[in-house]
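Presented below are the structures under discussion, each in the form of structure tokens.
In the two assemblies presented below, chain A is common to both, partnered first by chain B and then by chain C.
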Partner chain A sequence: MCEQGERMLYYVLKRILQVIPVLIGITLITFTVIHVAPGDPVKIMMGQRYDPEVAQTVRHEMGLDKPLVVQYLIFLGEMARGDLGYSYHKRQPVTHLLRGKFGNTLYLAAAAMLLAILLGMLAGVLASVKPQSPVDYLVMVLAVAGVSIPVFWLGLMLQLLFGSYLHWFPVSGMTEYGGAGWENFKHLVLPAFTLASVPAAIVARITRSAMLEVMGEDYIRTARAKGLAESVIILRHVLKNALIPIVTVIGNMFALLLTGAVLTETVFSWPGLGRAMVDAITQRDFPVILGGVTIFAVTFVIVNLLVDVLYAAIDPRIRYN
Partner chain B sequence: MGDTLKKLTRHRPAFAGMVLIVLFVLVAISAPLISPHSPVKQYKWYTKLAPSMQKHAPPVDESGEVRVDPVTGEPIAAARFLLGTDWHGRDILSRIIYGAQVSLLVGIVATLIALFIGIVVGSLAGYFGGFIDAALMRLTDTFFAFPAILLAIVILATFRHPGLWAIFLALGLTGWTGIARVIRGQILSLREQEFIEAARGIGAGHLRIILVHLIPNCIAPIIVLGTLAVAENILSEAGLSFLGLGIQPPTPSWGNMLAEARGNLLDMPWWGVFPGLTLALTVLAFNLYGDGLRDVLDPRLKIRR
Partner chain C sequence: MAYRLLGLVAVLLTLLLLGACIPRPSGEKTARTPAKQEPLREAVYRFPLPADPPTLDPAHVTDTVSDSVMKRLFDGLVRFDTDLKIVPAIAESWLISDDGTTYKFFLRKGVQFHNGREVEGEDFLYSFTRILDPATRSERAQMLFPVKGAKAFYDGKAEQVAGLEAPDDATFKITLSRPYAPFLGVLAMTNFCVVPREEVEKDEEGFAQHPVGTGPFVFESWERDNQVVLKANRNYFRASPSIDVLVFEVMPDENTRYQAFLNGDLEHTDIPFGKAGEIMKDPKRVAMVHGVTAMDMYCYGFQTQKPPFDNKFLRLAFNYAIDKQTIIENILEGRGEWQKTYVPPGSFYFKGDSGGYPYDPGKARQYLGKAGYPGGSGLAEITLNIDQQQLSRQIAQQVQEDLRQVGVKVRLEQSDWATFLDRVYAGEPSFFQNTWLADYPDPDNWLFVLLESAQAGAPGNITRFVHSRFDHYVRQARQTVNENQRAYLYGKAEEVALAAAPWLLLYWRKNLTLVQPYVEGLTITAMDRTPHLNNSPMEQVRFRGER
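Entry: the complex of A and B
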């Protein structure tokens, strides 16, 4: 037991160390790309009041006149200390600026993920219980539609139907300050459903196929022969053993979810990280872009790590090597 | 090959997808012939019209005379707008038809770029293994760890006037990771097989083995992943254009039509409903066809999306 715990710890540490090259890679790519991009951030920042001399001073103060390699190393050093620099536009620390936005994105993404897992697994299980039945057929049609309908268009249509016509839910934004639980929830419903559409469809498909695969196994036949109730077989035996591929897909979906979040946040004016990044890119706000990219990447890697650790918990056969 | 085709036509969803794809390609190619109006012409006297089969009567002045077009000096003709007109009096059907050209081009070119990068990276990593494999796969992980749309946006930002080529590149450079991983896996198992050893025994070089013996054996997953990537790229282009970063109006793209329609949905729902519906159907067609191809060509390929 002790040895196993040690092994687990070693594995987790190794995985955390693996994050470092990926993080350096991502920031390096982003750094290079934004610095070859046209558009001088100082010029954009100063707008009409552009003065070459002042601009030179500002550039010097912000360290933009240093060689690119030096700028990148400075960025890395600060990042290691948890400092992501200053926003050119909002004139506050990037960490401060993005903390709240990241929270909003996580809130939306977590709600969407939960919804997607619930809906997707329910639909997948229902479809797999009676393959080739009308229910199965319906689920498969919905699943392929789910990955095909553009997230932002779905959002617009939900806004139009449930917001503008039926007035069930607010059309956009997050809770106004002071809004309590129920108001908050109402603002979340449409964006969460929109963002959940693609992952729910994927979870439904993978659940169905994983369930069907397990159902062909000998031990399921044994369970049936023992005379167990069908519901017990489906939930305790089949679903439990079908979980591994489902968890894998859920873990891999996180990047997809963040991509969807950029568009969903735009449609619903949700004050999240995705929207902030799009704004930062159009404003050439380099520190915010780099900071946002770093946060996204770290989150992604942590989620994948959690998924891998979760495997070991679900399936003792998996050895960490 | 003929067998595959027969199986595909029997696979009903795939067949439906195929029919829709053919239709979509035909519409895109013949846009100038079949589009009822110019996609960019603004009919100032026919703005914000709802969809209708009827011809709209031209506007008249106080005495009941048909008004004269100030540009041409001719009396204004009655006109039909099947899917209605937008804020500027442009025909929505014609814009959708021309928008198909953008989607088709982006779908094909961006996919080819992604396939090229994915196949090169995947086959080098799988064939050589060792350090090359580790380095290339770390690179793939790096790109994979990044929400593709953000990287595409960052790449688009490097262009002063993002046009079609900027979008091809942005999507091609971000969409190859899944392809590289699958190809690597295929090559890993193929390279241990006897015919590769035989080729090596005859004296074939690395390049020849990869190009002549390994990649042709990966053709099934390449076709399947390519078809699904077309769907993905069409969706992404629409998303980027929706954010205002892709195709710029007045050039019609389904994404930028939706962006323009966004603020006017309550008054003019048709402006946003039809382009979105067309987009969804097109993506659906490629997904159905891609899934069908996978069932027929390579049932072992895992469901990636």
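Entry: the complex of A and C
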């Protein structure tokens, strides 16, 4: 293996091993916070028919009467074996419960990110080709709107227009009873557009500014002097060299989409991880909260690692020591 | 370089496909295809749920959303009809001993579980014993403690429950340790439905995910937070359902449910906050509105054992200071009925002749004076604790304003439900939101459970109201078999409660529901909460003509 390859492998392994202290730290903080915060999962489970004696039995059977340190160590031991415990509220293994949710969120986030890249980069390139032109102003106005419009409001407006008035797309859920293929895919369209609004706007702005910066470089002037077609200059020379900040933003945005799609998931009744986490917090479902936080932490670490590795792939000048 | 960007897009496309293809955990199949394979178009009823049901096991149901799905899957000995009368379910008839302690149920022949096996007395014995088994961790075990020997069994002091017997295949007998008049109503609760032992014991935890009952619908699939699909039980012992498929769609946002209804994706829904006025002005939509005043209370409670609300006159002053009609008209947009009594309208022995506490600021000021706070002077700022809902905040703001008019300063404190329950059960807040939906339409479910002194705190009496005469009436009523005598006792208890004012009476919710014009036979009862309509008999619903 070449020296650069070895360095890269060592770097990746080091970053993966860093996940362990990160996970212990994050879960310890989360565990402490959820136990210090008011709210008792057994009271929630029993509802407004609370019987202290029955509650004590339930608490004992669930292991909630054990000392907190013991409960945390049990959680760590189970996590090391790939077991994230058992949901109090949903009465299912947490890994089982969150696996499907993570898949649903991944599906939605990937679709939204894809849309954001396509729309955002296209808009950014168009705006940068003729700065200060009406197209540039339009793109920037849309970009500001995309960042500023609250996601839940945009979601409701899309539901109203494409659901209630035009009847083009279903306004909620992920699948249709008896539906397959296109019928189920239609459920993805509105939530993906809604979720894509903020990242598309950010990608458009970053693409525009990065492209404008590169356009001022000497080698672009040289390319023009050589008589290259404008489309070739833009796509092969400008965009190519403007990619680093764009990829950084895309990486971070994707990690945020995976973990922060709660509002979109709620407005469109999308059965994703964000909604499951909010429910778990409301219900004080400690194992699901800890399991979800673990998944979030691992996701962030992996996406950041991928972005870092991608830098080297995009720009060979970047070296990892 | 452009290829690398294409590579990135390809990675996202792969993730998109991966997300779509990630296998759902076993036991969670997505509901698709059968409709496409069958030659005839199925009649599919799309039913909104505001949350994912936590469980589908009767031993664990404590919430109305789970109850809504389970009511369609399971049957008990008795049930409530649409007028909330107790009528036979699997028990064809029953005999109650003169002293009110022995209940003998005669079971219908030919009632089958969804797995095809016939229900026997032994199945009820198993189902009831299972609830009392501490290993089941049933949150409703205490409701069977009136059964003879139940507590000893729960505490591990007996091998079996002395008061439960199945003398033969067609009989189930329950003996109580003392008379418990509302017991039949308790038995109509979903917790006490029959479950097949062989299915539960195959996989106890899994049973809650793929339940087997005897009800009008058979469990088909459940994708958590998305859909629960039930199919019509064509062997149902009562009338077989007209609709073929019941699809529960989990939709947490009320505006989304409303849009889905307008889009034709739901057969019914609730009316979102702030939309009732607009709907009532539209004749086309008004025709779609159904619903009744429910046994579903929204009021405030006082912590009666701590100053300043240990003072009866102050509690009465608060009651007279609030303009309930304005709250109902302006904030609820008509989705409520002024609460004048402690027992809900429609309940057994309900006496509707109470005038309640009409809005009378003058009288409120008089009572403030009697309480020792003339014009509110000397009374420290009161904190009103409510949950996080927008509606709760708006009502609380109106209450705050009404009380300010008589000289009382109120501060609002909103907290999430878990924190709210924790604090109220601990008796910390002095003035707080108090809501209750009937478990069974008997005054016992209100006056005993919510106000008897032994229930103080978390078991139900969160106002910690203590009144010896009141206790005497409701305890005696609980053990009285004679109906006239019970009516008399509850009447007296109601009088005491009205005079002592442990609650600030506000309103009974109306469960107004938008129903598509082609839906027929959907009866919304006073024990339904909308949109999950946990008591409406879905087996009676049918579609008129083409949708």
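Rule of thumb we're sticking to: the second predicted complex is superposed on the first by the 305 of 321 C-alpha atoms of A that agree within 3 Å, B and C clash if a C-alpha of one lies under 4 Å from a C-alpha of the other, contacts with A are read in each partner's own complex, and residues count from 1 in each chain.
Operating definition for what follows: a contact is a pair of C-beta atoms (placed from the backbone, for glycine too) under 8 Å apart; a residue touches a chain by one contact, two chains touch by 3 or more.
What you are looking at is a predicted structure, and each value in this text was computed from that prediction instead of being measured.
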Combined model on chain A where chain B meets chain C, clash or fit:
clash
Contacts for A:117 in the overlay, against chain B (first) and chain C (second): which applies, first, second, both or neither?
second
Chain B versus chain C as contact partner of A:173, first or second or both or neither
second
With both complexes overlaid on chain A, does A:159 touch chain B (first), chain C (second), both or neither?
both
So in the superposed three-chain picture, is A:97 touching just chain B, just chain C, both, or none of them (first/second/both/neither)?
second
Partner touching more residues of chain A, chain B vs chain C, is chain C
Return first, second, both or neither, reflecting whether A:266 touches chain B, chain C, both chains, or no partner chain.
both
Is A:247 contacted by the first partner chain B, the second partner chain C, both or neither?
second
Looking at the overlay, what does A:40 touch: chain B (first), chain C (second), both, or neither?
second
Considering only the touch criterion stated at the top, classify A:57 as touching first (chain B), second (chain C), both, or neither.
second
Need the overlap of the two footprints on chain A, from chain B and from chain C, as residue ranges.
37-39, 156, 159-160, 164, 266-267, 282, 284
Inside the complex, what are the residues of chain A that reach chain B?
21-22, 25-26, 29-30, 33-34, 36-39, 144-145, 147-153, 156-157, 159-160, 164, 202, 205-206, 209, 249, 255-256, 258-259, 261-263, 266-267, 274, 277-278, 281-282, 284, 289, 292-293, 296-297, 300-301
Going by the contact rule set out above, which residues of chain C touch chain A in the complex?
1-2, 4-5, 8-9, 12-13, 15-16, 18-25, 28, 30-36, 42, 44, 46, 51-52, 54-55, 57, 60, 62-63, 134-135, 137-143, 154, 205, 208-209, 223-227, 229, 245, 247, 249-253, 255-257, 259-260, 262-265, 415-419, 421-423, 425, 436, 439, 449, 458-460
Counting only contacts in the complex, chain A reaches chain C at residues 37-41, 43-55, 57-58, 61-62, 89-92, 96-97, 99-111, 113-114, 117-118, 156, 159-160, 163-164, 167, 170-180, 184, 235-236, 239-241, 243, 247, 250, 254, 266-269, 271-272, 275-276, 279, 282-284, 310, 313-314
Can you tell me which positions in chain B touch chain A when the two form their complex?
13, 138-139, 141-151, 153-155, 157-160, 231, 235, 238-239, 242-243, 245, 258, 261-262, 265-266, 269, 272-273, 276, 279-280, 283-284, 287-288, 291, 303, 305
